[in-house]
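What follows is a set of structures to go through.
After this come two complexes, each holding chain A, first together with chain B and then together with chain C.
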Partner chain A sequence: MDALRPYAAAFSSRFLLMMQYRAAALAGFFTQCWFGAVHVMVLAAFYLGAPDAAAASPITLSQAVTYTWLAQGLLAVMPWVGDPEIADGVRTGAISYDRLRPVDPYALWYVRAAGWMTARLVPRVALMILAAGIILPLIGQGQWAWQPPASLPAALLFALSETLAIALACSIIMLINIVVVATLNARGVNILMQPLVIVFTGNLLPLALYPDPVRIALFVQPFAGTLDIPNRIYFGNLTGQMAWAGIGLQVFWTVLFVVLGRFWLARVMARLEVQGG
Partner chain B sequence: MNALALLGRYFAASMRSQMQYPASAIMLTLGQLGSTAIEIVSIWALFDRFGAVKGWAFGEVMFFYALIGISFSFADFLTRGFDVFGSDFVRTGAFDRLLLRPRSAALQLVGHDFRISRFGRFFQASIILAIATGMLGFVWTPQAVLLALWTIAGGIAFFSALFVLQAVMAFWTVESLEAVNALTYGGVYAGQFPLSLYARWFRTFLIFIVPLACVAYFPVLAILGRSDPLGAPDWFLPLAPAAGFLFLALAFLAWRFGVSKYTSTGS
Partner chain C sequence: MPQILVQDLAKTYRVAERDPGMFGAVRGLVRRRWRTVEALKDVSFSLERGELLGFIGPNGAGKSTTIKILSGILRPDGGRVEIEGLVPYADRIKHVARIGVVFGQRTQLWWDLPVIDGFDLLRDIYRVDPQRYRTTRDELVAMLRLEKLLDQPVRQLSLGQRMRAEIAAALLHEPSILFLDEPTIGLDAPSKLAVREFVKKLNQERGVTVLLTTHDMHDIEALAQRVIVIGHGRVLADSPFEALRANVLAERRLFVDFAGAAPVLDLPGVEVRNRDGRALELAFNPQITSAPALIAAITARHAVEDIHVEQPAIEEVIARFYDLHGANEA
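The block that comes next holds the complex of A and B.
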């Protein structure tokens, strides 16, 4: 177990550090509420305005509403940007310390990204459940609320799938990190990631609502595994074999990205240019 | 040197520094263009599946989308200094230096930085406007052009006011607050859709508290020559963008109050 200790320490120190930023969590929560409310009202207008199309839609309005709150609550899981600590390290040259540590750099950065992500996730998702899952029904707005999982099996599968979503998102963040290290600049790649993430994870619009011919392609692309697949398992839209297919896709993309990332990082690290001084 | 000439100098210096890395400036602009362009796909997908919403067609929603995007891109271009005020000026104490110079702090913050990349959103919104014009068969009369320019001016004032208010909050919170993003970026998102889609409490908020509807929904109705299905009088629609300037004036009052209460954090 000793071999794992540095990684566990890296994870928990980053997690505890990020948990200190309570104001940031509150600010993030406010933003999530705003976007969630706007999304829900827009979806409701479209669904209620066209009853025939709504009946034929792959997901119901109440599922789309739950999807929206899940998407806002789980915002921190999305691989929006590379780890800012790595970008800082590249800029200041502190990255050379990581090069000198007697640990596997890929694993170290991966667990640090995981700590960074989960620490931002926990307070935001808790506040979101409180607001959209508990307070909304209490004030008589239950139809716009975050519904509980469809069933116990759905809840258990969701727990598995969400864990995989975090693993997958961290493997994507690692790829971004490596681009940052290779190009010595975080801004370019971060800007390019935003549109990909907001559309292809389903954050902007549930992937099931895109035109039918492209839905299969949207299901198998890697970003679906960070949000869309666990969400659909949560409200019982993906069950049985389809749920396992989704989970299989999450595993496939995670393994592929980790293997790719390790290989690429080794190459980049072999001829690393260190800036700063 | 008068204020305008000084701003010109600031502008030239900012452009020169970004043009030291031309490839980076172009890529960031294209990145902004791409990142804003892809969002319209999701709106299109909604229309593709559900059809018109409450009497609004996709072309009309693109009109809202384009005008608000143009307004926001200019405001974002002009107020970068206020955007980073908390993290770059208050926390570091750099604001003290600004206060020592014989020019207003607001002027120096406007001149702090002009990001070329913001034009990515402007180009994208302009393309959307051209497409929407074609889809609706809209004819740009001189009157409509003037009204659109007036709408954009009001929109720039409105979004600039939000960035100024964000800076005002930094006097107390020290850091730049992410919460204002809900109103800036979230405002761009909410303003893309006709006001009649929203619940009553949210409409009230967007008209009377944060007057986004006055710089997007109402004047665009006037440009399109439609009456407000919610019953706002026709004469009011073209006048509404004035609310953006009022909002900006209030934001600067708050700014002056904030400056008077400023205590340095610098060491």
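The block that comes next holds the complex of A and C.
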């Protein structure tokens, strides 16, 4: 167990530290309520304005609404930007200190990113469940609410798939971190990530609502695994073999990105060692 | 076998250059020009267990580069480093577990965490046995007087308090070697004294080998038994501090206030440094002309109101040493 101690400590300290930022969590929650409400209204306009098309849609209005609240509640899982602590370290030179720790550098940064992500996730998702899952039905707006999972098996598979979504998103954040270290600048890569993430995770529009010809491509691309796949498992749109295919894709991309990230980080670090800290 | 062995160390950096102005910026996009900076050309020295070595030299001389190579952060382009039988950059993980490093200009503690939480985190990162950790931590806390600071977030500490906490943080895993890169930079006088006193104690009582860089000659005076002067990536001097002082510090100053206007003096081995109305400041080498002989020669010929001898400030001496060796930054 001693071998894992540094990583467990790095994770939990980052988690506990991030949990202190209550005002940020609250502000984020209100923003996400706003965006969620706008998304729900747009979806309602589409579905209710074209009943024929809505009947042919692969997901129902109520599922799309639930998708929206999931997307807002789980916003922190999406790899929008690199870890700001790494970007800061690059600017201040504090990443030299990371080179002085007797630990695996990739694993250290990975668990730190995971602590940073989950600490932002927990308060936001709790507030969102409270608002969209409990309060909305209580005030008679149940049709716009966050619905419970389709079934118990769907709930269990979702739990697995969401865990993998976090693992996958952290492996993508690590790739962003490495670009930040290699280019010594966080802004460029962070700005490039925004449009990719908002479209390809399904945050803007559930990926199942895109035209047929592109749907397979959207399903197999890596960002689907950070939001779209677990969401569709949640409300029973992906079941049985398709659900396992989705989970398999999440595992595939995570493993690929971790291997790639480790290799690339070692190269970038070797270059930093050569060019100067 | 010395604890630290450094042979023919060389390190060059590539620095991107561009012409000034808009045109230069645009051209830089298409074609990068690189300039090579030789940070270290040829640095060799060895250090025995328990030594306390001071590293001095002007900015850009290669002090920090040397520390970064010895601590495993940078990889040299040439030469050899062995520390306790390990090559720092090749056996990084094993090596860094045995050393402690403090960069005076950076922080290794977590800005938003209370000091004690940062210490606990380092305990886990270095996999220190919890019981052993408690003993070491309590000793360091007592020696560096950190009791009242432990619960405070690092960002609330003054620079002097933070530096004491940084030094403790670097020693929690009981390293056998401590690298200090400008540990007293920006500190007030009491904090400097506290840091020096602690480093001395650590070296003498615990036998920890210390290698420190500084621009503060009082650090060197108070601490280092041995000094390496580095300039332009080379070792200019490697000697006990007293020898360096005797060599370069041989010069004395004589301040004379004459009764009338200061005369023109022509004495062998004596240089006029400053002339101001009736006052003269003379520099002389006591090995050539002794102070009594010089004073006698002056008072024999001129009416003198006041006279006193001084040793030049150590900063001034070192600055002259750099000048003599052309070690100052271009």
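As a working rule, the second predicted complex is superposed on the first by the 272 of 277 C-alpha atoms of A that agree within 3 Å, B and C clash if a C-alpha of one lies under 4 Å from a C-alpha of the other, contacts with A are read in each partner's own complex, and residues count from 1 in each chain.
In this section, a residue touches a chain if its C-beta (ideal position, glycine included) is under 8 Å from a C-beta of that chain, and two chains touch if they have at least 3 such contacts.
The structure presented is a predicted model; accordingly, all values stated were derived computationally and were not measured.
In the superposition on chain A, contact is made by A:8 with chain C only, not with chain B.
When the shared chain is aligned, no partner comes close enough to touch A:129: not chain B, not chain C.
If you count the residues of chain A touched by chain B and by chain C, you find the higher number for B.
By the touch criterion stated above, A:19 is placed in contact with neither chain B nor chain C.
In the superposed pair of complexes, A:61 makes contact with neither chain B nor chain C.
Interface of chain A with chain C (complex): residues 2, 5-6, 8-10, 13, 17, 20, 92-94, 96-97, 99-104, 270, 273-277.
Across the complex, chain A is touched by residues 24, 27-28, 31-32, 34-39, 41-42, 45-46, 48-54, 117, 173, 175, 177-179, 181-183, 186, 189-190, 193, 197-199, 202 of chain B. Across the interface of their complex, chain B is touched by residues 23-24, 26-28, 30-31, 33-35, 37-38, 41-42, 45-47, 49-50, 53-54, 57, 185, 187-188, 191-192, 194-196, 198-199, 204-205, 209-211 of chain A.
Touching chain A in their complex are the following residues of chain C: 13-14, 39, 65, 68, 71-75, 77, 89, 92-94, 96-97, 99, 101, 103, 105-108, 110, 112-113, 117, 120-121, 124-127.
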